[in-house]
Each structure stands twice: as structure tokens, then as C-alpha cells.
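Across the two complexes that follow, subunit A remains constant while its partner is subunit B and subsequently subunit C.
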Partner chain A sequence: MSVGIVSYGAYIPKFRIKVEDIARVWGDDADILSAGLMVYEKSVPDLDEDTATIAVEAARSAVSRHNIDAKRIGAVYTGSESHPYAVKPTSTIVAEAIEATPALTAADFEFACKAGTAAMQACMGLVGSGMVDLGMAIGADVSQGAPGDALEYTAAAGGVSFIIGNKESEMIAVIEDTFSFTTDTPDFWRREGMPYPEHGGRFTGEPGYFKHVTGAANGLMEKMGTKPSDYDYAVFHQPNGKFPSRVAKMLGFTKEQIKPGLVVPWLGNTYSGSCMMGIAATLDQAKPGDRIFATAFGSGAGGDAFSFRVTDKIDEVRDAAPKVQELLKDPVYMDYAMYAKHKGKIRLA
Partner chain B sequence: MSVARFWRKQINRYNIVGTHCKTCDTHYYPPRNVCPKCRRDGDIEAYKFAGPGNVVTYTIIHTAAEGFEMQAPYALAIIELDEGPRFTSQVVCDPKEVSIGMRVKPVFRKLGESGDKGMIYYGTKYVPDNDRN
Partner chain C sequence: MRDVAIIGVKNTNFGEMWDRSFRDIVVEAGVGAIEDSGISGEKLDGMYVGNMSGGQFVEQEHIGALIADYSGLSLDLHIPSTRVEAACASGGLAFRQAVMAVASGHEDLVMAAGVEKMTDVSSTAASAALAAAADREWEGIMGATFPGLYAMIAKMHMHQYGTTSEQLAAVAVKNHQNGSMNPIAQYKNRITIDNVLNSIMVADPLHIFDCSPITDGASALVLAPADIAHEYTDTPIYVKATAQASDTIALHDRRDITTLDASVSAGKRAYEMAKMTPADIDLVEVHDCFTIAEICAIEDLGFVKKGLGGKMTEDGETAIGGKIPVNTSGGLKSCGHPVGATGIKQLVEVTQQLRGDSGPRQVDGAEVGMTHNVGGSGATAVVNILSRKR
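Right after this comes the complex of A and B.
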């Protein structure tokens, strides 16, 4: 049974902080940082936004884009590394808010930045086997970066929801296949109760990101017998602009193929939403028949690769909900003091 | 707020679900079990409101209650839904943007929380509907 994306929705908070405003506080050179990271600003959640509110907004956008009867959704899985509760699912909040309850299963996923795509694969299995009619996979985060840490320049907020189904007549993109590459690699972690993650610095690069993204991407292309030139677009997990650009080149994809999905320079790293945001931005402009290659990466570590073929249905639903580039427009900029307040870095006595 | 008290009205807060009297065609939010106009002749049904509305009036909170200090200054408004009911809600934006009569639309936000260890309360707030102002 074929499976595919029936609808998608994205959400990005309206606030931004520029790299230069963070660099000023820590005495870093903003030009060198921006050039090195290929990130110029990042999104910041409002004071009353968290992973649950972002996940709900993305889920509602996906439901309304294709006018989905939410009661058909038999599974809601939310991937995040910043779930608001340590114990109490984000996914039940989402399911209640989109009125999909009570006849469904729900659970939260965690696999650093690829928890959302792991949720997609779980939904593929459920709809592919016929266990549920539609499954909703969400990647959403209000990611954390310790004050003064390199992550603070990129850790952003946002979320994306995909509704996965098994009826080809409803699909806007068929998921042709998926392949995962996973090892136990401690490149990035956050211990229970700790407010900020730790990472292995440069160790996050070659043994982490590049090994697992290339492992998953090459594995999928080998499995399917495809090559980079078979695809119109490609999306790779974007912790910054440099990594996805470099891995695309390593794999044989061109700058033009990754351009529509490379949203990190003006958004930052939305962690569990990162690769999914790139896929959403690409779907926003893909034409029927286009093929999209995507690989998410999660520290810890693993890569999830996907091959999509866009269908004629995309033209019917694309404009029915805000596009990623529209969500990036007209941001409200804040200085570091307001950013610190929004991120809970200021504690009242 | 107790866990049970919030949970009972959760669906009303998440999705602006109120009631509608089929006898006199009046909408209510928060929901009413009995239509105050029709009394025993009333015929009440659950009703999910579309969401958008207008700011009837508003105030700017500078001295916030405990738990809301970080959000001050913020706008608290009486919203009139397009179907008629009025209720109080925060309008999430720069307080200088708020005006009487402005169009607003619902968003899903944190309404509050019981300290660091307690429950987080989610529900509907409003933001300016910039496409219609």
C-alpha cells in the first residue's frame, strides 16, 4: 500500500533576534559568525508560546490546508526535545485542540532534531498497514542554547505538521521510500532536569551530522536505485547553513536543488522542525511530478532519508494555509534583553 | 485553579466551543445549559464559534497579577465574536497596536501555569487580524 503526505502546516513565531545582537553581548565577531554559520537571525517564541502551542498551530494549519476531518486522524505523534512536560504528552494537547480525540493513539517522540521525521516513519507504518486512516506527525521545538554557547546563535522556535495517509487520490506527495541510519554517537545531549544541552563541539560534525546524513542519504539512493540528478529538490537537516550546503555537495546535489528548502539563514535551527520546515518550504513551490529528496539528522545519532514525488493535488491545497516564506515575512526584532526575557533566562526573585 | 476545574472547561478554552439556543437563535460563550431568554422553551446545542471578532474595549495591564509579571504591559480586551457573545481575553501584540473596533483572530497560547511544578493551562487568546484591519 502506498503512503504519502496528505497535508502539511507550518508555524513560526513572529519574533527574531539578529546574530549581531547576540554577538554584541558575548564580545564575538558577528560578521565572522554569520559568514561561518550562514545564519543571520533566528526566531524567538513569544512569552506564552512553547512547543505545545507551536505544535497546535502547525497541526491546525495542516488540518485546514486540506480541509481534513480531524476525526479521521488515528495517531498523533509529536517529536521535540523541548516538550513542556517531562511526563504528560504534548500530543494529547494537540489531539484535543484539533478535535481528533478520543478514538486515536498519541505519543511523544524524542530523538534530538529528527524526532519529527521518526514520527513520520511511525505514521507511515500505521497508515501503510491500514491500522489507522490518517496519522499526524509533528516536529516542533523551542530549542535551548545556553547563554554564551555557540548554540545560542542558532537555537530557534518553530514547528511543522504532516498528515500522512494511504489514499493516493488524497496525497499531495507520495512517499516513495524511506531509509534510516542509526548508531550510538554521543555528539549532543541534555540530561534530565538540565535547562540547556551539552555538545561535543566539532565532534558534532564529521562523526555526527555528516556520517549519519550521508549514511541515510546514500542508503536510500542505493535502496531505490536513484541518484541526485533524479531529484528536482533536496532538503537536509539545517542546524546552520553551512552543514546542509556542504553535505549536499558531498552527496552530489546542487545549490539550486537545496535553495527552496534552505530556510535556516533567516529562521535558525528549529530542531525537530528543521528538516520538516525545509520540506514544507519546498512543497510550497514544487510542481506536480517533481521529486524531493530529504534527510533529517538527530544527534545521538541518526539520519532519516525520504524520497517524495509531488502529485497534481498539490496545486489544489498549497494556497489554503500560510506558506513558510509568508511566515518568515514581517518579523518583529528584539534585543538581547527582551530575548533573554522571552527565553526564560531572567528569573524573578 | 484546580486540575479538575480547568479540565472541565478545557474544550471550551481550546476551541471556543459554546452553546446556541435553537429556539431564539442566540449564541452563548461561555456555554450555558439553559437559555436565559427562552427558559424551559429553549433548545440548547453545543456550538463551535468561527473564532474571529472585534475589540469592544480594552485596558493595558501594567501591574500584573502573580504569574503574569513577565508579560506586562499587556492588553486585556472584551472581544465580541462575530456570532455575538462577548468575553475577556488577552490580545497578544504590542499594546500600542490595540484599538477599539479592531479585528482580531484566535491563537493557541499558554494561559498560565501553577508555578514551576504545577499544570500548564492552554487555551485561546487573540491577536490582531492584520489582513482585515
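Right after this comes the complex of A and C.
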């Protein structure tokens, strides 16, 4: 049974902080940092926004984009590394908010930055086997970067929801195949009870990101017998602008192929939302028949690669909900003091 | 005292070796040096291993025994193995101990090795471990790290002699040029003066490209009495001098912070021992942990008048083909700086140059070479002179 994306929705908080404002506080050189990371500003959640509210916004956008009867959704899985509760699911909050309750299963996923795509694969299994009619996979984060840490320049907020179904007439993009590449690689982690993640510095690059993204991407292309030139677009997990650009080149994809999905320079790294945001931004402008290649990366570590073929249905639903570029428009900039308040970095008595 | 010769050498690749262990790389270097010398390991009479901080970098002490064990030289053979520590000069000092063991007649075939595995800890932890080579009570506790200390040396050198940031950068550019021709080098990319000047500032005036990196690597060589060296190799390289000197451990106690008196003293002793002058040296590997350190080194070793090291570098006189080629290996900057291994790596490089085995970075007609290995900000210096002729 073929499976595919029936709808999608994205959400990005309206606040931004520029790299130069963070660099000013820590005495870093903003120009060198921006050029090195290819990130100029990042999104910041409002005071009352968290992973649950962002997941709800993205879920509502996906439901409304294709006018989905939420009661058909038999599974809601939310991937995040910043779930508001250690015990108690985010996904039940989402399911209740979109009125999908109570006849469904729900659970939260965690696999660093690729928990959302892992949720997509779980939904593919459920709808592919006919266990549920529609499944919703969400990747959302209000990611944490310790003050003064390199991660603080990129750790952003945002989320994306995909509704996965098995009726070809409903699909806006068929998921042609998926392949994952997983090892136990401790490149980035957050221990129970710790406020900020830690990382292995440069170890996050070669043995982490590059090994697993190329492993998953090459594995999928080998499995399918495809090559980079078979695709119109490509999306890679984007913790910064440099990594996805470099891995695209390593794999043989062009700058033009990754351009629509490379949203990190003006958004930052939305962690579990990162690769999915790139896929959403690409769907925003893809035409029927286009093929999209995507590979998410999660520290710990693994890569999830997907091959999508866009259908005629895209033209009917694309404009019915806010596009990623629209969500990026007209941001409200804040200084480091306001940012620190929004991120709960200021302790009140 | 007997004359001593180097009969076998080996460097591992230098770099970030996340998939290899401390013992793995040092055994590779040791076995490589033994193979190069044509002896069998059981013939060794002793081993001297330079290692700065196995305890802090890989939580392993008792390095000497570990290496003998994993080289297969403990069980049944019980070959003595000694760790030598003098911060970043550990390798050079291990060599000196090995030379003295052979020269004294106490031991015949001896290995000198050096190893450091630095990338298993965060860069913050690595910086803290390295800072232990400074004066803990007067420097480390006040927050001084080596980039800070060498930045003060650089600032004073600029103030007293008009040395420029461009001249500092010229050291890094030249060393990357050399490193690009060295297959074991950590960084084989060529860089420009602008690359250096536009890189992130670490400690004014030192940019990140003025600093040597954190590196995993190991080096080893085998020594023999000169009288029997020809039994093992057609091209023994003779040790003409090995000299060591000490200075105050804290930078602020020095007579002049732009001069490393330990380098000057060790250099003088080495020249005397070898009955040579700077004019006799065809190439030199100096301790360029920072670009300013290379400028100080070529002045302190007498290759140029004090204060003119920057200009000499800028004028290309220290490049391969110049008046005195400096750091043909790429130096600590480009080849990498596994602190305990560096001193031995310098000797491996000079040995290969004198044998004529250095490929595209070969210094034509090299007969005599020098190595200069420094611990801390100059509290220990080891200077060795090697020659093709006995």
C-alpha cells in the first residue's frame, strides 16, 4: 500500500534575535560567526510559547490546509528534545487541541533533531498497514543553548506537522521510500534534569552529522537505484547553513536543489523541526511531478532519508495555510535582555 | 661517552583520531620505528616515552609500563620502559634520556617515543590540562592559559622590535605551505596572510591561525651505538648534540619575556657539543606552538639577530629554499601538536630530511639539522643536532 503526505503545517514564533546581538554580549566576532555558521538570526519563542503550543499551531495549520476531519487521525506522535513535561505527553495536548481525541493513540518521540522524522516513519507503518486511517507526525522544539555556548547562536524555536495517509487521491506527495542509518554515537546529549545539552565539539561533525547523513542518503539512493540528478530538490538537517551545504556537495546535489529548503540562515536551528521545516518550505513551491530528497539527522546518532514525489493535489492545498517564507516575514527583533527573559534565563526571586 | 645514531623512525598520522586509542597509536609508531630499523623488538634494551598528560587527557598514568605491555615487550621479555615528562618538551627530553642511556654504554638498542591523545576530551578540558604546564599558583590560578601568555610575549615583541601581525601570520602561511607537502600533517591546506588576519581572535594579537591545534599522534625512533649502526641501516643519522636547559616556570619572572633564555642556553650548549655554529645548520624544526614562538626561536637559536625574526620570515628566508628552512614538517601549526609526541616528531622529520626521504619538501643537500622543543612558556628547552656525517 502506498503512503504519502496528505497535509502539512508549519509554525515559527514571530520574535528574532540577531547573531550580532548575542555576539556582543559574549565578546565574539559576529561577522566571522555569521559567515562561518551561515546563520544571521534565529527565532525566539514568546513568553508563553513552548514545544506544546508550537506543536499545536503546526498541527492546526496541517489540519486546516487540507480541511482534514481530525477524527480520522488515529495517531499523534510529537518528536522533540524540549517536551515541556518529562512525564506526560505533549501529543495528548496536541490531539485534544485539534479535537482528534479520544479514539487514537498518542506518544512522544525523542531522537535529538530527528524525532519528528522518526515519528513520520512510525506513521508510515501505521497507515501503510491499515491500522489507522491518518497519522500525524510533528517535529517541534524550543531548543536550549547554554548562555555563551556555540549552540546559543543557532538554537531556535519552531515546529512542523505532517499528516500521513494511505489514499493516493488525498496525497500531496507520495513517500516513495525511506531508509535509516543508526549507530550509538554520543556526539550531543542532555542528561536527565540538566537544563542545557552538551556536545562533543567538532565530534558532532564528521563522526556525527556527516557520517549519518551520508549513510542514510546513500543507503536510500542505493536501495531505490536513484541518483542526485533524479531529484528536483533536496533538504538536509540544518543545524547551521554550512553543514547542509557541505553534505549536499559531498553527495552530489547542487546549490539550486537545496536552495528552497535551506531556511536556517534567517530562522536558526529548530532541532526536531529543522529538516521538516526544509521539506515544508520546499513543498510550498514544488510543482506536481517534482521529486524531493530529504535526510534528517539526530544526534546519538542517526539519519532518516526520504524520497518524495509531489502529486497534482499540491496545487489545491498549498495556499490554504501559511507558507514557511510567510512565517519568516516581518519578524519582531529583540535584544539579548528580552531574549534572556523569553528563554527563562533570568531567574526571578 | 659513545657516539649515538638513529637507525629507525616512524610518525603516525597526526590529527583527530576519534576511532583510535592512546595505546593503539603509540604501538603503531613503535612498531613502525622497529620495522624501519630492521631490528626485532626483543633486542631493545630500554624504552623512553615522552608523554605530557595521559592522566588528564585519557585518565591513564603509568604510561611506560602500558606501552611496553601493548608492544609485547613486557610478558617474558620485561624490557624496562620509562615515561618522561616535561610538558610539551616531553618528547625531546625522552630522546635525550635515550641518547644518554646509549652514550653511557648502559644500553645499546633503545627506543625513544612520544605520544599524546588530546581529542578525547573537550577543548575546554584540553586547555585546562595544557595550562598545567604553566605556574599553577602564579599563572594558572589567575586564569592565564598559554594563548594568553604567548600573546604577552607577542605584544612585547611588537612593542620592542616593531614585529607586525603580518609577520606573525607569515609564519603560519609558510608552515601550512610546508605541511601541505607532508602526508602525516593534520592540516594540509594552504592559507594566506588574510586568512590568518581574518580568523577569530584568541588572545590579542594571536588569531586562531596563529595557534597550533589540539592533536592526536605518536612518533618513535630507535637508537644504536654509532659503531654498530651500519649493521642495521645504510643511512644512520648521527646525534651530534643533545642539550637541555631550564628557566623560571612563570613568564613574569623572566629577565626579558621576548627571549626564551632556556632556548638560548640549550642552543649554546648544543653548538658547543657539536662544535658547530648556526651557519652549519641546514634546516631546523622549532617549537612553533604559536607563531610568535617560531620568531623567538629562530632569534634565540642564533639564526637571526634578536628582533629580526619576523622580518626574516616575511622575507622568505625560513621557507624551503631559503637561507635556513624552518619547520619543513609544517611545524606544530600545520603538522599538529600532540604535545608529548612533538619533540620526537621533529627528530623523525630531520632524520628523514638528512636521509633524503622527504619527497616534495626535501631540503636539497641537507647534511646537518637541528630540533628545538620547548616546555611551557620556556621553562624547559631541549635542542638536538643531527648529522649525516659522524
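The definition used in the following text is that the second predicted complex is superposed on the first by the 349 of 349 C-alpha atoms of A that agree within 3 Å, B and C clash if a C-alpha of one lies under 4 Å from a C-alpha of the other, contacts with A are read in each partner's own complex, and residues count from 1 in each chain.
Here, contacts are C-beta pairs under 8 Å (C-beta built on N, C-alpha and C of every residue); 3 or more make two chains touch, one makes a residue touch a chain.
Small disclaimer: the values here were computed from a predicted structure and weren't measured.
Asks: Going by the contact rule stated at the top, is it subunit B or subunit C that touches a larger number of residues on subunit A?
Replies: B
Asks: Could you tell me if A:202 is touching subunit B, subunit C, both of them or neither one (first, second, both, neither)?
Replies: second
Asks: After the superposition on A, what does A:50 contact: first (subunit B), second (subunit C), both or neither?
Replies: In the superposition, A:50 touches subunit B alone.
Asks: Regarding the shared-chain residue A:32, is it in contact with subunit B (first), subunit C (second), both, or neither?
Replies: second
Asks: Please indicate which partner A:263 is in contact with in the superposed arrangement: first for subunit B, second for subunit C, both, or neither.
Replies: neither
Asks: Using the superposition on A, tell me which residues of subunit A are in contact with subunit B and, in the other complex, with subunit C.
Replies: No residue of subunit A touches both subunit B and subunit C.
Asks: With touch defined as at the start, can you tell me which subunit A residues reach subunit B in the complex?
Replies: Residues in contact with subunit B: 46-50, 52-53, 56-57, 60, 84-85, 93, 96-97, 99, 332, 341, 346, 348.
Asks: Which residues of subunit B touch subunit A in the complex?
Replies: 10-11, 14-15, 69-71, 92, 94, 107-111, 120, 122, 125
Asks: Sort out for me which residues of subunit A touch subunit C in the complex.
Replies: 28-29, 32, 200-203, 206-207
Asks: How about subunit C: which of its residues touch subunit A in the complex?
Replies: Subunit C residues touching subunit A: 16, 18-19, 119, 122-123, 198-201.
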